[in-house]
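Naming follows writing order (A, B, C and D), and every chain is counted from residue 1.
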Amino acid sequence: MNGAAPDPRRVPDCAVRVAYRVPYADTDAMGYVYYGHYLTWFERCRNELLRAAGLPYAEMEARGFMLPVLEAHVDYRLPARYDDEVEIAGWLDEMRGVRCRVRCAVLRGGETLCSGWTVHACVSAATRRPVRFPPEAAALLAPFASPQNAPSAAP
Amino acid sequence: MNGAAPDPRRVPDCAVRVAYRVPYADTDAMGYVYYGHYLTWFERCRNELLRAAGLPYAEMEARGFMLPVLEAHVDYRLPARYDDEVEIAGWLDEMRGVRCRVRCAVLRGGETLCSGWTVHACVSAATRRPVRFPPEAAALLAPFASPQNAPSAAP
Amino acid sequence: MNGAAPDPRRVPDCAVRVAYRVPYADTDAMGYVYYGHYLTWFERCRNELLRAAGLPYAEMEARGFMLPVLEAHVDYRLPARYDDEVEIAGWLDEMRGVRCRVRCAVLRGGETLCSGWTVHACVSAATRRPVRFPPEAAALLAPFASPQNAPSAAP
Amino acid sequence: MNGAAPDPRRVPDCAVRVAYRVPYADTDAMGYVYYGHYLTWFERCRNELLRAAGLPYAEMEARGFMLPVLEAHVDYRLPARYDDEVEIAGWLDEMRGVRCRVRCAVLRGGETLCSGWTVHACVSAATRRPVRFPPEAAALLAPFASPQNAPSAAP
């Protein structure tokens, strides 16, 4: 991180955006979306990010790689409600060695409802041990990385 | 079924009962428990029914059997709410060939909030094809079956 | 119901269809979609059915009506899996007095993965007691009803 | 925070502990508990922490207070699996002004599977605006706070 760190809530142009309509199932008795469901929303966006990059997660698994979550974080700013039409935006924030970080934000109209990130390890499905990302992954994901954090195949 | 069919909502003495405290996560914007969550509650009860019978489902899977759901039904009578302390009661209703039916009811105090059933097939984990229940299953589950529907190893 | 009852799994032309991509969140350790999630999928479809009819559920609630579920049923035929692109089809099956029944089916390619129905009561949000459907509801929903079961405002 | 910060994964003696049996519903196709469900587990623990303190959340809501989540964080170390019997431990980490932070950890046998925290605002149910915690809350919660972070009613 440097002195001119970007606002983590600003969605960069490289982000993939997924439209989502909030069902009753996602709400709770407070009348808002339950706080745990946003992690499922983030997953929906990561799935489309990988698909857009030509690396659908189902294919990664078929080729023997898994991306379990090491860390998850959400900052809640404004509540989403039943039947809201939201957009979930996601982009690659960092990728080095056996780890990567994906940032997500949930948007409604011009507002950011919440934002957060997940950190993933690349593991072998066979051994469940960390392995380097498939070599082509960095290149395929580069268009979806914020400029200052573009993944690199270099050490 | 015969002419003197018992009230399906009456919980027989053979039933296993599981205590459960309703979290906010299970509620929805109507202020009630979301209708889909009751199927998870039924599962919690089936898990304890199998454990009480000495056939924990995890062990059945380890021995190569699975019990996927073929059919699920719920009749909703009264809503459960956040922080309610409910009991989920479950018992074996029928077991023949490669299928069984488990009935469940959700109780709060003296009231039945909802009731329903699931029908399961016994399948081989290896082939995912129907197989007969392990021979000892009928005997182990007999104490948890309503008297008129006791499972039988006979054809 | 009459003697020539239609196959409940056949999706009539009047059905609303919703596309849905299965997230990891919906799967379970068997590698299939967990059986309870289909009720959320049915809800997603009912939401779009009501919206297509010009009666979005959020608006019905704003006008003081609620449609709690009285009964839910699912027949599971084939499992859905992670990343499957499915369609959830839904149509009005019956509507009389204070109740209606909606049928749903989950399709993947040409296959029906599961089908089922929910029965709803129309209740006043204020009193939580049954009330007749808003008078225009029958007319608005008619295009989404199977022909033999078209709703009628007549007694 | 000071130089001698305690290991955030160490569960202090003041923690409330909740036993929980993992249902199939919580697992995913990787064979592990889905990462979003841990936030529901944390909620189950917070509910019991507040109850143990004599401040059940349902009562707080009845008295006009709500505790929406502002921030959630989870560090995943080891996966939980179907039928695991885990303990969810939770304690008050900080409480000042209109905010508090609760730390949670999920334990299985002697192992910490994951740990994390949630930050909550105290808001008025009527206005949904931040308000100070009810004056007696700090005293009631003190026994459940890590010593270096005991809540204080002082400014």
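We take it that contacts are C-beta pairs under 8 Å (C-beta built on N, C-alpha and C of every residue); 3 or more make two chains touch, one makes a residue touch a chain.
Everything quoted here is computed from the prediction, not taken from an experiment.
The chain with its CA mean position farthest from that of subunit D is C. In terms of C-beta pairs in contact, B-C outnumbers the other of B-C and A-C.
Distance from the subunit A centre to the subunit B centre is 37 Å, each centre being the mean of its Cα atoms.
Mean C-alpha positions place subunit A and subunit C at a centre distance of 31 Å. If you average the Cα atoms of subunit B and of subunit C, the two centres end up 25 Å apart. Touching two or more other chains at once are residues 24-25, 30, 32, 36, 40, 43, 82 of subunit D. Of all residues in subunit B, only 30, 32, 35-37, 39-40, 43, 66, 68-76, 79, 118 touch subunit C in the complex they form. Within the complex formed with subunit D, the residues of subunit C that make contact are 24-25, 27-32, 34, 36, 81-82.
Contact residues on subunit B toward subunit D in their complex (touch as defined above): 21, 23-25, 40, 43-44, 47, 56-58, 82-83.
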